[in-house]
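These are the structures in question, set out in turn.
Across the two complexes that follow, chain A remains constant while its partner is chain B and subsequently chain C.
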Partner chain A sequence: MSAREQAPAARLHIDWTRCDARGSCIELLAGRLVADEWGYPSAPGMNAAEQSDVPLRADELDAGRDAVELCPRLALTLRAPRS
Partner chain B sequence: MSEVLWAIGRTSGIVSLILFTASIVLGILTRRGRPLPGLPRFGVVMVHRSVSLLAAVFLVLHVVTLLGDSYAKLNLVDVIVPFLGSFQPFWQGLGTVAFDLVLAVIITSLLRHRIGDRAFRFVHWFVYALWPVAVLHSIGNGTDGSSPGFVLLVAACSIAVVSAVIWRFSARSTPPPTAGRPSSDPRLVQNRPGRSAR
Partner chain C sequence: MTIAPDATPQLRSASSIRLLTTIGHPGWATHLAAFGPVPERATGLVDMLRDAGLVGHGGAAFPVWQKIASLAGAPAAIIANAAEGEPLSSKDAVLLANAPQLVLDGLLVLAGSLAPRAKLLLYVNPLSLDAAERAVAERPDGHRIRVTAAADGFVAGEVSAVVDALSGGRGLPRDHPYHLTQKGLKGKPTLVFNVETLAHLALIARYGAAWFRSTGTPDDPGTRLITVSGMGIAPHVREVGGGTTLSGVIAACGLAETSVQAVLVGGYHGVWVEPSGFPRPLTARAARGTTGVGAGVVHLLGRHECGIAASSTILRYLASQSAAQCGPCLFGLPTLSGAFDEVTMGRGRGGDVLQRMLSTLPGRGACHHPDGTVRFAASALGVFAEEVTAHRSGRCRAAAGGRR
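And now, the complex of A and B:
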């Protein structure tokens, strides 16, 4: 089921000026993010805006929090879903 | 009693040296975004944090037990202000410098999300000064700074740190792509700001 069929619980904001392709968020959110060819996180099936504000389902929230906590570059923040 | 404290003080010092060595190597792995066999990238970040905190716990134990030592005659001022000690003030002072730096690094790391990336990284650079200072302190001040076992340990730790640091500052600074599917839609990639590698 995609995040669009279900109301997203949060958005994972990625600050591209900070992200350095360390990849730990990609491992933690394996169902949502994949590495692009340079190792940067990318959300398949999402539109351009959603690449920087990836909608997360409720069951992805915990992994999202871990990703925010562990990102070595502090590039990630959780935001309220777009209404 | 004093003998026991001294033994604990020595042992905890050695343990924290080993743990700080591991912490430097793990920090560099975090920096390079490399997984270890059986340990994913986010695991490396977590283990780096845990090992560093554990090293600091042993360091505190090291200092606290030697506060009671009749040789070192440490007092609370010597713990924070270097080079004032009565027993080998220079070598002991190096230990104090390292201790202060560890405090600064740990505090800024734990407040990372609050103080921001710049302040965190600035203070984190001091780890590269901290480690050699701590090693000199352990050789100069330690009861068995020149015993073969200790020399061997210091040599092993130095090899680990020096090779990690060489690797840190050599080669390209961006880690290789994470294993995984590249995004299929090229439009998404073009819309991505902040990307330098092309």
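And now, the complex of A and C:
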């Protein structure tokens, strides 16, 4: 089920100026994020605005928090869902 | 549409010459004679701007009153943006060369009405630095405004890049999860307006919303500056009423519509328009039956030119203008440009790479450079599809003299 069918619980904001394609978020949020050919995260099925603010379901929140903490580039933040 | 330097100001009429009324005479005295003084503060300015329907002229066409209404508090800084990194645009430079005082009026009346203590900053392309500094020095209240030379490059005018430069950075786009009206310069609410927007605002503060709407169309009121180039005509800036059509612009340039193959509207992040679209009105934002003109770039492509070759050159330039901060842009845009050439000029390989770039790059950067580049590439592939087919069988419009 996509995050859009279910109200998203949070958004994972990606600061692309910091992201260096280390890939830990992609491992933690497999199914939501995939790696592009250079290893940068991409959110298939999401629109352009959602690529930098990826909607997460409630059951993805723990993985989202881990991704924020484990990103070696400090490129991620969790934000409230778009109202 | 273009006017002679000695043309009589006709501000109270529905003339489509407003901003360029004092063309050739940028001085303070001429300015006062033509427009009168700008009010120190305008009561109900935000309502007036809403009624006028003024939108931003930097490209995004966001309603001015809405930007002001979204401020989290009194703005700590109001920034006039004339970085004008778009190679096909020179309207901001022409405005600053001919009517710089209208821009300064706009800054001052906004400050007077919203935030008397706001920092007032004018961020200009280095080519306009002298004109801007002269204008500031010439007016009695000019000491409040600080002029700064803009960084180089296509993305220099992106709002977060402007704020970065004015914060002492290199003038590169920054990650900005909050709108600048929430957290901008030094983390405080900040307004950034294109200089042309401020010039219109200065006239609305004087003459009101009804006057502003007395030219243009109900959906696209007022006038705009457009930069016209291509087909060997000297690049120049015109002031036109809202709702002007490409057909009208082409005719005003003295060209036959049949000699024009396509028109690039909105600049390097814009779209190609085919002849069937020439009668459509140019409006601030694309709507049903209109063409969005963004920051006002109109670039003509002749019948004997190859649109694919022109687009390929622009794509290569756009790829070179990545600020090299965001991976998908840094690696993706050169890949997009290369695949575009492979598909359209080579043997047609690379189609899967091209499609993947078109579908996965938008949205994945701190600024909209990838989005605009993808929009441009997709438009070229659509409008010049026949040319792509011709190339595959070894023919090209440019080489064939426009005949097939």
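What we mean here is this: the second predicted complex is superposed on the first by the 83 of 83 C-alpha atoms of A that agree within 3 Å, B and C clash if a C-alpha of one lies under 4 Å from a C-alpha of the other, contacts with A are read in each partner's own complex, and residues count from 1 in each chain.
Keep in mind that, in the parts below, contacts are C-beta pairs under 8 Å (C-beta built on N, C-alpha and C of every residue); 3 or more make two chains touch, one makes a residue touch a chain.
Fair warning: this is a prediction, and the values are worked out from it, not measured in the lab.
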Which of chain B and chain C A:82 touches, first, second, both or neither: neither
Touching partner for A:36 - first (chain B), second (chain C), both, neither: both
First (chain B), second (chain C), both or neither touched by A:13: second
First, second, both or neither for A:74, with chain B first and chain C second: first
Chain C versus chain B, contacts on chain A by residue: B
First (chain B), second (chain C), both or neither touched by A:24: first
Contacts of A:66 with chain B and chain C, given as first, second, both or neither: first
Intersection of chain A interface sets (partners chain B, chain C): 15-21, 36-40, 42, 48, 51
Residues of chain C that touch chain A when the two form their complex: 173-175, 177, 325-329, 331-332, 360, 362-366, 371
Residues of chain A touching chain C in the complex: 13-21, 36-40, 42, 47-53, 77, 79
Interface residues, chain B side, partner chain A - complex: 30-31, 33, 40-42, 44-46, 112-113, 116-117, 120, 174-184, 187-189, 191-195, 197
Residues of chain A touching chain B in the complex: 15-28, 34-40, 42, 44, 46, 48, 51, 66-67, 69-70, 72-74
